Amino acid sequence: MAEWSKNRERLREIIFEAETPEGRRFDVILFCCIGLSVLAVMLESVKSINQRWGDVLHAVEWGFTAIFTLEYVVRLWTSHKPLRYARSFFGVVDLLSVLPSFIGLFFPGGHALMVVRVLRLLRVFRVLKMARHIAGADVLMGALYSSRAKITVFFTAVLTITLIAGTMMYMIEGSHVVDGEIKGYTSIPVGVYWAIVTVTTLGFGDITPITPLGQILTSLLVLTGYAILAVPTGIVTAEMIGASAGNPTSEACPSCGVHGHLPDASYCRRCGSSLD
Amino acid sequence: MAEWSKNRERLREIIFEAETPEGRRFDVILFCCIGLSVLAVMLESVKSINQRWGDVLHAVEWGFTAIFTLEYVVRLWTSHKPLRYARSFFGVVDLLSVLPSFIGLFFPGGHALMVVRVLRLLRVFRVLKMARHIAGADVLMGALYSSRAKITVFFTAVLTITLIAGTMMYMIEGSHVVDGEIKGYTSIPVGVYWAIVTVTTLGFGDITPITPLGQILTSLLVLTGYAILAVPTGIVTAEMIGASAGNPTSEACPSCGVHGHLPDASYCRRCGSSLD
Amino acid sequence: MAEWSKNRERLREIIFEAETPEGRRFDVILFCCIGLSVLAVMLESVKSINQRWGDVLHAVEWGFTAIFTLEYVVRLWTSHKPLRYARSFFGVVDLLSVLPSFIGLFFPGGHALMVVRVLRLLRVFRVLKMARHIAGADVLMGALYSSRAKITVFFTAVLTITLIAGTMMYMIEGSHVVDGEIKGYTSIPVGVYWAIVTVTTLGFGDITPITPLGQILTSLLVLTGYAILAVPTGIVTAEMIGASAGNPTSEACPSCGVHGHLPDASYCRRCGSSLD
Amino acid sequence: MAEWSKNRERLREIIFEAETPEGRRFDVILFCCIGLSVLAVMLESVKSINQRWGDVLHAVEWGFTAIFTLEYVVRLWTSHKPLRYARSFFGVVDLLSVLPSFIGLFFPGGHALMVVRVLRLLRVFRVLKMARHIAGADVLMGALYSSRAKITVFFTAVLTITLIAGTMMYMIEGSHVVDGEIKGYTSIPVGVYWAIVTVTTLGFGDITPITPLGQILTSLLVLTGYAILAVPTGIVTAEMIGASAGNPTSEACPSCGVHGHLPDASYCRRCGSSLD
């Protein structure tokens, strides 16, 4: 029984940690499985491929579902706090990545096709399982998180501008009929959608101004937008420089108290006394 | 009478300040009202929704107008300097957000439809009432404001480039007829509009070069434009880093109270007294 | 005769310098003249406006030509080194801004229409006269100039990538016929044009990939391009931060020699002695 | 025989080094040859030019092939370690830039036309020979290389977002038939391609959302994308500033020779001796 518990502990280490060689190997294999299973879901949606290789993709799909189900069960079993794991972000993602295939079994034939189809596509979210294996993601998330107040202000400003610009375009340009189809700024929501597409310099070109006044407003919008869009870059850059510049300055000289030494400094640059 | 004045003072605090719990609750409620009323204006412009829910939207509209009118009157009444409030930015916005609905009453039926329609759309500007509730907006505005000289230079440079590029495209490409419609660079203003759309990398695609020379000029324009468009980002980023690096220590001088000393300062840069 | 020379000196000061109130007033008037004359050239190119207001625009044009001719002659006459002025950048621009109108006189009627038309459009370059009046432009030009080596490397890299990507798209996609017209990647130069439009995220949409392989290459190109396009921003930002960080630190404390004081410092932050 | 060896050594210096005046002249000539030969390949692909100047381009092509073959042979012969050169990046590029022309000789007439055509286009890769002559490229590559971990995280995040957004658009919008052609989001891979085009603000406009829900998702995608795309700029900028801020003073410690001291350092941070 002790051996049983020991095996379980070893399994837990392999699955949850990436320290041991086996753990790293397990991570790599799982990483590949996720990639291949998402690729299979993508290819299944291509009609010509699905008609020819549908059976193979179906088999592959069930193979990966079996692997991920096994992984989920073992994770639940080996985890020290199974409930906590089950309710964690990755626990939910792990469950969601196998559930659609099983639920699909209960809607056979042409029955409730839409539900099944949507469910099957949810399997794409398996890609989120990858997040577990990416080092450094938390640093970037941290930089974004600590500037969330500024980013909120920025987005509110952008939405206000696009709301006003979209309404003005709806007033100025309105809609017009081309080849029997109603085109242009048919409503304020459409105008706001167009303004967002414009202010971010996306510029699909599905809706474009045709009056001189509309073209002047567009020019102003994209130029203003450009000056404003420099702001998130400024925010993130300042945050990142602050994060990396904050490190070397932390310790102070024990004799004179000056801080802000370079990381490799052995002697205080002010009083010349040793830094350790 | 003293109680009356006291009530008025309490109302003023709730409406104008966000310090008290009631003030904060008032802010949140008003914030929601603004959002919902703007949403109503937007939905009203969608034909299919307006045909079906027009009556409901009309009622909702008058409900919000009543709320905002009440708000405006109470603000005027409780303010210590009513005239100053009425002429301030937010005072004008508050008035503008209720005026259109009332003016609309005097243009019944099909009479002067265009005026009414434009007036009704002005209600979208209610979104500006939100600006009052966004903390941190002034920091960003300050960063933009303090780089206004550089931003002006930048915009002048962009306008000069687009003016010259637009004129050259008008010379090189000119207009051509496609399916009975005149397309392309029909005049210099259109050329300048195209150049702005190109230099900001918006790229609608409603006007595109078709001659080899035009395509070469486009390539040069967008590449030059890209190098130049790095400038506003550089300006804003440098400003933001400068802002955060300019006051590295929040602690103030004990004798004169100046703050914003460099991290390694031992003496106040203003009065020369020791900082510890 | 001394008075004559004095008047000439005073005129020179008004025209060439912006220190005196008269000099500043002269600058503002000239600035407006340039703006209006460029606007007139732009409006002249709009057919409907030209048909109706052609005569007015013609008269306005000759008025501005007279003003700019007078300005050029007076500049030549009052300048201490007329030849040096005539060969300077602004001297050439000043000459070019009046020459087209006069040359146009020698090509009357329908004779050599194209030459005249192009000449007339050259008047748009009058906008370059404005550069004289923009303060701070040299700071930005300096930042761009001092990073010219890095910018050259960047542009070479972009051109190499677009050349290779354009050739690959020509191989992969080639051209196809739609409604009797040849579309797509008809030659390598067209492919390179498309690659520049793509890598800068301009995205006109006049040429788009239609094969899966082409769409994969496009995705790679725009993602790679995006990472690379962060480089000019990084270059300019680093340059600007370096430029602005250099300023406050320039003067050193006269007693202890520490430099890098904040711009408003009156006392040395290190030794506490007065800074002047 | 000693003279023979001496000549060889002198040739090697001219070809491999850019120190001597002859070496520099050789570099410039080669640089021009590369540019012209790539231009010839590009022009050959333009039908109208090829029909008229095909023979000239063919002759030019063989001229450049002869020059580059001679260069390759001399490089091999003069190099101290011929095998190492042959297997180096530039050795392979040098070989690839002449091989296609020779292989083309073995596929005469209409035989295996496709292979020949692709081979001939490979000659465009000659442009990579230019990389040898660009100074400073390694600095930029270094900045990109040292942030490769963060860039990987960034690209993984972008791919995850585009995968999920593309799948959702495939669910929401799907495909629709316009003029007998199937358009829109026909499969998940197409959806992902569209999401990449959108999130990078490229915006071709070949596929655009037509349902309100799709337009809302597009707006969210491009706004989220914009905030995220500020990240690579932040990474590169922080890296560049870090690189230039790391050695703020170029002067070295007089006793131990360490350089890169902070601007206000009075004592060497390594050995503790005075810096003046």
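The letters A, B, C and D name the chains in turn, as written, and every chain counts its residues from 1.
Definition applied: contacts are C-beta pairs under 8 Å (C-beta built on N, C-alpha and C of every residue); 3 or more make two chains touch, one makes a residue touch a chain.
Bear in mind that the values here come from a model prediction, so they are computed numbers and not experimental data.
For the self-contact between subunit C and subunit D, the two sides draw on mostly distinct residue numbers; the shared fraction is below half. Comparing chain pairs B-D and A-B by the number of C-beta pairs in contact, the larger count belongs to A-B. Inter-chain centre distance (subunit B to subunit D, centres taken as mean C-alpha positions): 40 Å.
In terms of their C-alpha centroids, the spacing between subunit A and subunit B amounts to 29 Å. In subunit D, the positions touching at least two other chains are 189, 192, 201-205, 233, 235, 237, 241, 264.
Viewed as a network of touching protein chains, the structure reduces to a complete graph with every chain in contact with every other.
Contacts from subunit C toward subunit D in the complex involve residues 149-150, 152-154, 156-157, 160, 163-164, 167, 170-171, 186-189, 192, 198, 201-205, 208, 212, 215-216, 218-219, 222-223, 225-227, 230-231, 233-235, 237-238, 241-242, 249, 258-260.
If you check the complex, the residues on subunit A that touch subunit D are 38, 41-43, 45-47, 117-118, 121, 124-125, 127-128, 130-131, 134-137, 139-140, 143-144, 151, 155, 158, 189-190, 192-193, 196-197, 200-206, 229, 232-233, 235-237, 239-241, 244-245, 260-262, 264-275.
The touching residues of subunit C, counted against subunit A in their complex, run 201, 203-205, 233, 237.
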